[in-house]
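Step one of this worksheet: look at the structure below.
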Amino acid sequence: MTLKLGVIGTGAIGQEHIRRCNNVLQGAKVVAVSDINTDGARAALQRLNIDAQVYQDGHEVINSPEVDAVLVTSWDPTHEEFTLAAIAAGKPVFCEKPLALSAEGCRRIVDAEIKHGKRLVQVGFMRPYDAGYRALKKVITDGEIGEPLMLHCAHRNQSVGENYTTDMAITNTLIHELDVLRWLTEDDYKSVQVVFPRTTSKSHAKLKDPQIVLFETQKGIRIDVEIFVNCAYGYDIQCEVVGEEGIAKLPEPSAIQTRKNARLGNALLTDWKDRFIDAYDVELQAFINDVKAGELTGPSAWDGFAASVAADACLKAQNSGGIEPVDMPSRPDFYAR
Amino acid sequence: MTLKLGVIGTGAIGQEHIRRCNNVLQGAKVVAVSDINTDGARAALQRLNIDAQVYQDGHEVINSPEVDAVLVTSWDPTHEEFTLAAIAAGKPVFCEKPLALSAEGCRRIVDAEIKHGKRLVQVGFMRPYDAGYRALKKVITDGEIGEPLMLHCAHRNQSVGENYTTDMAITNTLIHELDVLRWLTEDDYKSVQVVFPRTTSKSHAKLKDPQIVLFETQKGIRIDVEIFVNCAYGYDIQCEVVGEEGIAKLPEPSAIQTRKNARLGNALLTDWKDRFIDAYDVELQAFINDVKAGELTGPSAWDGFAASVAADACLKAQNSGGIEPVDMPSRPDFYAR
Amino acid sequence: MTLKLGVIGTGAIGQEHIRRCNNVLQGAKVVAVSDINTDGARAALQRLNIDAQVYQDGHEVINSPEVDAVLVTSWDPTHEEFTLAAIAAGKPVFCEKPLALSAEGCRRIVDAEIKHGKRLVQVGFMRPYDAGYRALKKVITDGEIGEPLMLHCAHRNQSVGENYTTDMAITNTLIHELDVLRWLTEDDYKSVQVVFPRTTSKSHAKLKDPQIVLFETQKGIRIDVEIFVNCAYGYDIQCEVVGEEGIAKLPEPSAIQTRKNARLGNALLTDWKDRFIDAYDVELQAFINDVKAGELTGPSAWDGFAASVAADACLKAQNSGGIEPVDMPSRPDFYAR
Amino acid sequence: MTLKLGVIGTGAIGQEHIRRCNNVLQGAKVVAVSDINTDGARAALQRLNIDAQVYQDGHEVINSPEVDAVLVTSWDPTHEEFTLAAIAAGKPVFCEKPLALSAEGCRRIVDAEIKHGKRLVQVGFMRPYDAGYRALKKVITDGEIGEPLMLHCAHRNQSVGENYTTDMAITNTLIHELDVLRWLTEDDYKSVQVVFPRTTSKSHAKLKDPQIVLFETQKGIRIDVEIFVNCAYGYDIQCEVVGEEGIAKLPEPSAIQTRKNARLGNALLTDWKDRFIDAYDVELQAFINDVKAGELTGPSAWDGFAASVAADACLKAQNSGGIEPVDMPSRPDFYAR
């Protein structure tokens, strides 16, 4: 049975997901798309050589009887609306981050989903599908390094533009760590503090860069995440877990080691799109398979909500300079791990 | 359009390819299979939850009007017969190694294919589809290390059984290097010599292990390949290219680095099946896509023939202790690189 | 000219320094030693095959006309007294850490030295003489990675005994980072905060382990140092400097990489004495050479004072849970960098 | 007791050894030097601030009653003469490589030493004193990787001048491997073969570069050594030992790992003088200590002879293209390992 997908929003991310689902992954095809710019939508479909219905309104995609499940890849402020509509229509929905613009918005989606009685939402957090993170988690759950006590992480971009502001380090950049570190530790954040080193001369007036975000989790794990979006040297994700018995580290992306010009080494990535490129395929194939199997298992609306609550605390901590609590309600049975 | 595949031989490799084509890859489905043991074939299909016609004779698969293209994964001695039959039927055929049991057999397939007038054969050499080898080749063709002068390679198994004999180091183990190193260097072998270190105490009477195979190519590149099939420590493939400007090395498989018990390091593979596991998916998807596009681009019958000619010279060199020429005819335009 | 040394305290460290100066280094010999336990002192000299005068009182060593310079390796509480006495006698003195038991004690030594008018004191902080740290500093001062913005460090022991308490993580363990990180960054600490992850089950009631010490320097560099003294896996020192242009990392100790038992890796150190073993030779040879040249250049009494002031702030921070200022007076011209 | 040294030949190497013995090492001082160019000798001593007798004739150094032991660092063709003279005078002699210009010359020295009745000669092969090689040997002798079966080695220079000819790859470059690999394996060479890849465009008419030298040892170990003296990228020594249980590799020189300009890596050496710089100190200190202890333990005249015999076979193999025997007489008890 081929799962019939509707895609809301045919911008860059939407087009990539359309390409994946139709040309790379198994068991699904895109039958309907929507975008405010329907000409652009049609052009995209033509480029991808895909035959699908074009609508201007995402709700038409959701309500189309041809559509079994929905991908939301539209403008961020519309995510909550379309996700709620998909739940109302009883259709599984893969919603790209952010699930909603606020914790409250995420909470509305959680409540709607619980009321529906069955999980319908998968949030587009791809790192839990990255082979490196999965291998790292396996080392931890296999008990190889004992109970985790500390995590040392970094999220570095070569550079960002003038419209990237201090808060975006949390909402756009750290948001991925906020999800994957909860998944890795099977824990929730308890408090957060943000400290600022001297700002790099490569930043601009509206961006204090780098930043270091310090978490304490409910189990007492201490996590530090360095966010450095004008690091100059490359796109680099680091994650080291210090346990009672030893340490495990996220692998570097595979690369050819060369000896040349008196240097031994390898190239680093520079484009964020390359770092987790395989994980996008894996997360969408998992969504497709889970929908067909009748049970979603990926990052849930609760995970989207948890990341949003944590992000809010981080933003508060950026401004207060103090230790801010992360007021996370207890996990409903509906979302039992 | 879904490519309809027939699979001849439903042993371990055949089942894996059936699983791939039906459940993982895009654009194809298995409609017919054959095996001398039809009960085993049916059981396999059941396990894989696949609905396909079951025959006892591979020729029935080849001749079935339902079948667009054929995968030959049967007992080695039958590969030549089925591949020739597929060519006679004008159907694309993916033939697992070995293409034939002898260079002459490979030559017959080459001649039949040339006579047919269009490439129909892809040989199951998967290493050119391995991401690491591809990245290594790109570094070379990008000119990063200059003209290749030497290659230092190794192919190591943890251990082999009593029925693995000295010659199998060439026919079963080295055969993959024989293909991928031609592909990597875009060159052909000119001569080969085999030297034997002292035999490991972990070998048995009928197996001189390790061995070192030394090649000179037509461009003058010197290649050494250490074959060590009872190396004890793991499954390990190494390939280092020394060029005029520098050196490039095949990456180690990705692994989690740990610090534990006074050691810093990572696990090595032990099962050969894990090393190129992704490449099997890539090579078959490439076959499927190429068949649909109307032009095969993967390892050709000529490549199968070349590997077989080289293997023969290696076997001769094992016994003579001398430098044996590799009598490779010039490449027909039909198989232009 | 052979520098004639007197060594106060012939315990383990004292004996090692005696051995170094007499048998390994150039240009000095030990002519007098003292220890409360004179029998032990004689036995040590016999074992080392060294002929030297034995006193019970360190002041006799300092005042001996045979002694040109003094090494203080006695019980910590006596360091200040002997160092002040050496200054009073106008003799160069190498004082093992701690320079004194308190910042005030260090200040007294600084004042005495300034009053004397010429540097006489070198403190036994050996890390600035470690080849790895020196190479790291050179990379920074050569401008390779741009202005330092953040340092991520770790100091890990396999295990400590029952008498190692929470405060000792600062006074005994971190004290080395307190000095070398000032040297590396050519900066002083401005504030410090200590956070505690969940305590490892391998610790004991009087020791909260691990700890993370967070510094801000006067130039605005943020430094985090993980102190984990029951880490279980080995003795491990890490130091990574994140600059505006790139990152530089302290090298791992040299080790043989092996492939064995399905693992690729190398041994880690377990004994702290092995980590900086060469640096002790280098720091003492530097002291000897500097005394003969007439000008001390190693870690000064001011550096000892600065480390002590910082340590006090760390201890306060351990208890307060807050951000504690490091009240460092400005550097006297006498100790210009 | 200070060992009084005489140094024959005050060129670059001689000056370095003079500096070491007088200023760095323990227990010796240079009391006499000689050089054909006595003005140059005096200038060198002045630069090094050393007071010593200057002669024009090395025999005067050897015969001086002030001289306890001799270092021969003169023009290669004079090594045999001075070493024999030192033996005749009954004085320990450290002779820089080559011990003599021919195997016969080395044999003469061996015979003279045996006749003298006590070892007097240490040859300046420094690699057995390199910390990396020592650690590698320890891994082997500790049995960690089981019986050695194969060694894969490389000796690479960035570039050489017009006067470096094909044979010098053996006599000047490989000569160090010829000694250290015998020491590492505690074995002797049985046969050698030299193969030539295509020559690098960076070489010149009189130099076939690179070369690969293939050895079989008496225990049956197979060794390959790639010699590439215009490798362009750096000065690089590689040595990997494949044993029955695993593999051990010579460590890379310690270096700072950086992330910069989209590359992760470290600098490689370019100057051969830097690679074993510490080993020169260690080998000479060992000579000094051994002379004082009354028993030489370093590379012997027999080792010099063995390297020379092997070199001759390599040169023959370069020209014959065949497998040449290494006619090594059995080791006299005088030189028992």
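The first chain written gets the first letter, and so on, giving A, B, C and D; residue counts start at 1 in each chain.
The definition used in the following text is that a contact is a pair of C-beta atoms (placed from the backbone, for glycine too) under 8 Å apart; a residue touches a chain by one contact, two chains touch by 3 or more.
Because the structure is predicted, anything quoted here is derived from the model rather than measured.
> Going by average Cα coordinates, which chain is farthest removed from chain C?
Max centre-to-centre separation from chain C belongs to B.
> In degrees and to the nearest 5, what turn takes the CA positions of chain A onto those of chain B?
To map chain A onto chain B, rotate by about 180 degrees.
> Can you work out the whole-Å distance between the CA centroids of chain A and chain B?
38
> Could you work out how far the Cα centre of chain A sits from that of chain C, in whole Å?
45
> Could you tell me the distance, in whole angstrom, between the mean C-alpha positions of chain A and chain D?
59
> Quick one: which residues in chain D touch 2 or more of the other chains?
232-233, 245-247, 255, 259-261
> Okay, in this complex, where on chain D does chain C touch?
Spelled out, the residues of chain D in touch with chain C are 23-26, 131-132, 135-136, 139, 144-145, 245-251, 254-261.
> Can you list the chain A residues touching chain D in their complex?
Per the touch definition, chain A meets chain D at residues 158, 232-234, 236, 252, 255, 259-270.
> Write out the stretch or stretches of chain B touching chain D in their complex.
146-147, 149-150, 152, 195-198, 200-202, 210, 212, 214, 216, 219-222, 224, 226, 228, 231-233, 242, 244-247
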